[in-house]
Amino acid sequence: MGITQILFWFLSIAAIFSALMVISSKNPVHSVLWLIVTFFSISGHYIVLNAQFLAIVNVIVYAGAIMVLFLFVIMLMNLNKESEPQKHKWLRIAGAVAGGCLLLVFVAALKDTDIKHQQALVNTGNIGLIKNLGKELFTTYVVPFEISSILFLSAMVGAVVIGKKE
Amino acid sequence: MGKQLTNRGKEVDRSPMTFLESIYLWNIIKGMGITISHLFKKKATINYPEQKRSFSKVFRGLHVLNRDAEGRENCTACGLCAVACPAEAITMEAAERLPGEEHLYREEKYAAKYEINMLRCIFCGLCEEACPKDAIYLSETFAPANYSRKGFIYKKEDLVIPHPIHEKEAYEKARGGRVEINKKD
Amino acid sequence: MNALILSAIFGVILMFSGILLKQKAVIRNIAIAGIVLLLAVNILEMCGTVLFHVNTHGMIVFDRFALLFNTIAFVATFIYLILSARDMEKVGVNYAEYFALIFFILCGITLTSSFKSLLILFLGIEIISIPLYILTGSDKRNLKSNEASLKYFLLGAFSTGLMLMGIALIYGARGTFDTLSINMLTEGKPSLLIIAGMLLLLFSMSFKVSAAPFHFWTPDVYDGAPTVFTSFMATIVKAAVFIAFIRLFDDAFGVLQSQWQLFVAIIIVATLFIGNITAVFQQSVKRMLAYSSIAQAGFMMMAVFAMNTDAKEGLLLYAVAYCFATIGIFAVLIKMKDYTFDGFNGFAKQQPILAATTTIFLLSLAGIPLTAGFLSKFYMLKAVMITGQNLWLVIFAILMAAISVYYYFRVIQAMYFKTGDTQVVEVSSTFKWILVILSAVIILLGIYPDIVLNWLYF
Amino acid sequence: MPINYYIFLSLALFCIGIVGVLTRRNAIIIFMCIELMLNAVNLLLVAFSKMHHNVALLAGDAATTAGTDGQLFVFFIMVVAAAEVSVGLAIIVMMYRNIHSVDVNFLNRLKH
Amino acid sequence: MISFLLILIPLLTGLATFFIKNEKLLRLWVLFASIITLIVSILGLCCFSDEKYLQYHGEWLSSLGASFSLKMDPAAQLLCLLNTIAFPLVFLSTWNNRYENAKNFFALMLLAQAGIMGVFLATDALLFYFFWELALIPMYFLCSQWGGEKRIAITFKFFIYTFIGSLLMLVGILYLYGHTPDHSFAIESFYNIKLTLKQQNLVFWLMFIAFAVKMPIFPLHTWQPDTYEQAPTATTMILSGVMVKMGLFGLIRWLFPIVSSVAYAWGDVITLTAIIGMIYASLIALRQDDLKRLVAYSSIAHIGLLCVGMFTQNVSGIQGAMIQMFSHGINIIGLWILVEWIEKTTGTRKMSELGGLAQRAPVMTIFFVIIALANIALPLTNAFVGEFLIFNGLLGSATQYYFLYTILAGVCIVLGAAYTLRMVRKVAYGEVNNRTENVSDISINIKIALGAIVVIIFATGIYAQPILDFTSELTNELVQKFDFIRQTLQ
Amino acid sequence: MYLLSIDLWFLLEKALLIGGIIGLSFFIAMYTTYAERKVAAWLQDRRGPNRAGPFGIFQPLADGGKLFFKEEIIPLASNKFLFILGPAMAMITALVASTVIPWAAPFITKGGNVIPMQVADVDMGILLVFGIVSVGVYGIMIGGWASNNKFSLMAAIRGASQMVSYELPMGMALLAVLFMTGSLKMSEIVSVQVQNGWNVIYQPLGFIIFFICALAECNRTPFDLPEAENELNFGYHQEYSSMKLGFYLFAEYINMFISAAIMATVFLGGYDIPFVNEASWGLSSFWMTFISFSVLMSKICFFLFVFLWIRWTIPRFRFDQLMDLGWKKLIPLALINMIITAAVMLWLNK
């Protein structure tokens, strides 16, 4: 078991455990923090896959911006575990069972796909480097890139519309 | 008019900001220039316990009840100082000198009790001026800190200067530079 | 391409016009001018004049189908704006921003009608969705609007998640996002990955078009949103997503039709059933229209099911018929004080022209012949019929259409045959004229739809 | 690493996200679970991208850029997620201002 | 050309009517319009036997395989004539009636006429469906706006019934369209379709339900009495006089030629239901006190007979049915005119409250008796010809229970005579009561209308041969086709 | 450059480097506190601490000792775990950012091995710094929230919004530089500057923006809103005492140090000595490394001094002014700067 395997398993277990903690923590702030842990482990996976750019963007965008906003909002609202009413117990169990079943279905369906013998290249391969991605992004994908700016504009206008006091 | 210490006297400039002012950066740099210039100025502070500044000639410190050269108290409890005190900080009780006490008190009457409330005292020096006997004068020391308000009511024991003969060193120290003036009289 | 770029530019212009301009009329006129310009350049492009030459690397292809749909969407938006733009003032203070958002949505619509890459589909759908979340919640003091917005947002984001998972699985199987390449299967039975991905995409797209059983957000959202925006989102946007739907399943999964057809059929049946049956029990016209839009979605889904020339033509026609009629009804509905059926009592006495045009719109929605609604439904049925072996679906759809007559006619009955005091805001004569023209167009299309469809071929 | 591992890992994360959406009542947590789902998708895309890259390499094309599109897609997903979050949180805050709760059960009020 | 004109005139005049404000002018205008149509249709019947005048073909929805094709074959001509005769009669007889929003009322009437006309003329399935609905929609509005108290619910029931029926027909049409070799809606292509028995069964039921609702025959008739009762009488006249014929006509033109073998196979069952319906309707009619309902039920009984005639599928039966379609239309319009008049002058439709009108309104009574007798198919009246032929056909029909059927149908005729005469007795004879005391006789316009009806009744009753000749060719063609199929089946 | 290719020698080398940098960070941070007091005194015509040791140079040790031995108070109503996590995170994120800075010219051993004086010369270099900076908010937010005190919470929220807002213009200002260098690698950014001259010459506006943002990111005056005493008592670490407080304070100084180092690297040429070609001196590799290191340190010290200098010159902003400055002034300016740079670059490359 090489260091890559060890890292993989470590990060996977960390990701799944923290994801489970996200949905089971009573306190929303804890959920946020666990989610940050999840994001970091996913970033770790990216690094293992040598997708450096995505790894760092993941940290900046998700951990650094999105989750800060979440934390911000939760803190502003001062939500504690007391203030979050729980769903009915059976409802929660039903939800969990449904999700589990979904997972089972997925796994059963996809365990014998035609690509199951393929390997994902770890540690090597340079497509994840910023230079290659950048080149591709600003040549082939320049139109979607510009389009995403429209998306941002609309989100910006939207946030103003919603957030501005009248 | 010399250099003003504050800008209080200056009229406020309400003209609209120029472009240079409106970007602030220049003003900030000007301000920083001012502060950096202070880096090279002489320091206003001294290493206090080691170094001390001399008091001014007219500094008025803690009160002292004087003795004459033989060690007799000058105060006759005439009460003029108490009358003169604008803060009404001084109280006293007079007593007759008994036979055999001549070496203690210069006159027939003396202050049996003499108290100054240092919390009220404003160190104006009027008591000193009022005293006909040069019995009270303001020294060059501060009133030290104390834990209770009571501690600031200085009794006679606290105020009377040490004996010039028996405790010569302490006397000299307490006397400071002020006694010179006394001597002239 | 013309329309895509210009719509984005106009979105930005309108965004800033809110800061720079104070008069609402000017802003409104800019918006209307913008939509006219969009329409003009789009028609130019149909005639072969492309103003902006952009190499999209095959991700966006403006074929006739896309261009025609864009034209339809722009015309519908134009009508929508001249009918209802004034009423946006009542929603909130961000007047210019609403227009900006609408133009951004139009930009998304041009994308969803012309994508050849799943990436563009995803971006297009998001550009449509995000402004919609906001428009839904734009009536900030109204709790219903807030809740609708939140609900729409959470469920929309959830379905986006499903969609992305689908795209990821497809990417895993094919290694590309290009829809046409995805369709090129190697041999034998298709990979499980692609089937799973396709189903996830099917579910999420069904969600976006509010097909049952993914429809549950629709009534609440349509009901809660300010009526002006419900009008936009229930019509033009919905049609646009349908175009995306049919494009996706035609381009990317055409070969797999046998795999998904059953699912689509089930969705159609459920949608028609739930939409129509529930609409019958509504008391509010607005809510009824929400359910009816679900029901109409069921019909439009038949185009996806059949996936042949008739289906595509029919879907375009359906888009026109449905958009025009629904926009018209909503424009009238906005003027009403009371959204219940009883609110329409005696409407014909007070506003004969409004009542008459509304009747024509309702007849069109119900699919009564001589209206565009009939022909569009007819196209759908025909498209399914010629696939053969799906008679049961057609019969079911027909029965449901008959049920739909019940709730549409309730409005007509209230307007004409019942007496009451309808509270109506004063309407201008321009408004009436536009409604009359709109209903004339609907009838014209009901008699002679080729004036639209001929644009597809020449 | 075998691609199956990644598939199952991201499916597991995805399903955990779905379970969260189904079981929680706090709108913010639900939203977070949706973000978790998106991240699972991202991970899967990156793994697939590396897999396709590997396939192209094994096919003998040393200078291949196969798989780049997958990673770019992830980039776009992140972009969109960021935009979505800004809007979503604005909406949640707006609702909180009005009802002082982020409990999604309040949403049922719309059904009458 | 003629056929196109027949649709165009009522359509355009109808649309124009929406804009006429003056009441007097309005009535003159619609009467004028309807008479013009009548003249055109008579021209079409008598003067232009050349096909090129009777046919019309226009481009329409060619991408769908549809076209704007019209054709006047004899069956259609007869019904067009009925249609064009009916409307002037209706307008004339309701000359003095007051309607709110009269312009809308008459405009919708004319539009309905155009629709009905289109149904009779269309030779393109899609066009046929279009006109089918175009006839229905104005009727719906007419009934629910100007009808009786319970009009909204009742009319809606009527509408839903017919609409579901017509939608099923649409499915049938589409299904057939899917099987046409050249993907066309033209009737010729439909006639050329080769379907298996199973497919034929399907199409038969899909389309037959639509027609059956329209006629209506027994289990699907429940909308009819209520609607007739609640609708404004002018509309009721059109509904019962002309519109029900749409269903029967549909059988001849659209159903039998395409799926004749199953039509034949199901003939027994349908005949039986129709006869059951007849008996049932007649029995109910016997118990009715309300004039309108009585006429309505009598109509059900008559239509049942027509349906039976159609399904005999022999020359005699079908020809009888064709003539009877025409005759029944005329008769029942006459009855409605009278009922309307009675209701207006006495303020009631209840027979129990009426009586002695013969003393107060003798002219009316004469007309009443004649039309009532025509209704029970007394010889020398028009209905006799038709019913006789139908019975003849029934006896000669190929079903094994023909005798039973004939007897049952005969029972119905007897019952029909019973309730009709009961009606005449109750209304016209007996004591004059306070309701009928101050009644004066019918006005001139009604006299003209009823006079025309009576003329037609006798003319057809005495000399029906031209009509028989006229339709015989078509009927023979049809029957030959049936026979051919019957033989191939055996 | 693959992140996970690992061998033992490499590990040792990096471990040493990491240890060295952490030590250096602590040392600098400690003495920045001392310098802060000294500079403050000097600028105000005072003498500053001078009791502990000659010129008071043991003052930071004394301060540290005091913080260590003070009573540790954890508020009852607080969230214990998060209360402790807050300062820890602040400290960790402050330290991690130093990994990508090239501290000196590479050291070449006798055997010819090149040992870069940089923990990790990763491909996305400067982006990593951004990533870490953006995570740095959590320390403040968590600490402020966990204190369960409304002032702490307000300060934490202020701090977070301030840091999030100023990250934007900071990144955009940096982008203009990246246009010119064409790489995100810190080592390359430095080597480009060695060749072409310092970036501050080409990007004065970018530099100013970056500098202002760095002030805001470090919560330094005039942007020290999160700890504005007169409004928020003591800011987000109000409930903290003892070494946990020390961590917060320390983290601030380490942040200053790191941002000074980054500014020196990105804008002032890193370890480059201006106007001279040091390679021609023919010094041994050890000396070269040493000199370049000291050059960098002097640049850092200069920046640190400027930080302090500004603190004692400019008064604190109001919060709305702060946001105004960030969103309405700096971001447009940075954008303009970026666009102009891009245009010029395009024109030059044409």
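Each chain gets a letter, A, B, C, D, E and F, in the order it is written, and its residues are counted from 1.
Everything that follows uses one rule, which is that contacts are C-beta pairs under 8 Å (C-beta built on N, C-alpha and C of every residue); 3 or more make two chains touch, one makes a residue touch a chain.
If you're wondering where the values come from, they're calculated on a predicted model, not measured in any experiment.
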Message = Touching both subunit A and subunit F, which chains are there?
response = none
Task = For everything except subunit F, show me which chains still form connected clusters by touching.
result = A, C, D, E | B
Task = With chain centres defined as mean CA positions, report which chain is farthest from subunit B.
result = E
Message = Report the chain whose CA-based centre is farthest from the CA-based centre of subunit F.
response = E
Ask   = If you average the C-alpha positions per chain, which one ends up nearest the average over all of them?
value = C
Pair joined by more contacting C-beta pairs (C-D or C-E) = C-D
Ask   = Roughly how far is subunit A from subunit D, going centre to centre by Cα mean, in whole Å?
value = 5
Ask   = Any idea how many Å lie between the Cα centroids of subunit A and subunit E?
value = 71
Query = How far is the middle of subunit C from the middle of subunit F, if each middle is the mean of its Cα atoms, in Å?
reply = 53
Key: Distance from subunit D to subunit B - Cα centre to Cα centre, in angstrom   = 77
Note = Residue ranges of subunit A touching at least 2 other chains are 4, 48, 50, 53, 57, 65, 69, 76, 106, 110, 113, 115, 140-141, 144, 148, 151, 154-155, 158, 162
Inquiry  = Quick check: what residues of subunit C touch more than one other chain, meaning two or more?
reply    = 119, 123, 126, 130, 133-134, 137, 140-141, 169, 172
Inquiry  = How do the chains pair up in terms of touching? List each pair.
reply    = A-C, A-D, A-F, B-F, C-D, C-E
Ask   = Where on subunit A is subunit F touching in the complex?
value = 3-4, 7, 27, 29, 33, 36, 47-48, 50, 52-53, 56-57, 59-60, 63-65, 68-69, 71-72, 75-76, 78, 123-124, 129-131
Task = Quick one: which bits of subunit D touch subunit C in the complex? Just the residue numbers, please.
result = 3, 7, 10, 14, 17, 21, 27, 30-31, 34, 37-38, 40-41, 44-45, 48-49, 51-52, 55, 66-67, 69-70, 72-73, 76-77, 80, 83-84, 87-88, 91-92, 94-95, 98-99, 104, 106-107, 109-111
Touch list for subunit A against partner subunit D, complex = 4-5, 8, 12, 15-16, 19-20, 22-23, 28, 31-32, 35, 38-39, 42, 45-46, 48-51, 53-54, 57-58, 61-62, 65-66, 69-70, 73-74, 76-77, 79, 83-87, 91-92, 94-96, 98-100, 102-103, 106-107, 110-111, 113, 115-122, 125, 127-128, 132-133, 136-137, 140-141, 144, 148, 151-152, 154-156, 158-159, 162-163
Request  = Note which residues of subunit E are touching subunit C in the complex, please.
outcome  = 60-64, 126, 129-130, 132-134, 137, 141, 144-145, 151-152, 156, 159-160, 163-164, 167-168, 170-171, 174-175, 177-178, 183, 202, 206
Inquiry  = Show me the residue ranges of subunit F that touch subunit B in the complex, using the header's touch definition.
reply    = 39, 42-47, 50, 208, 309-310, 312-314
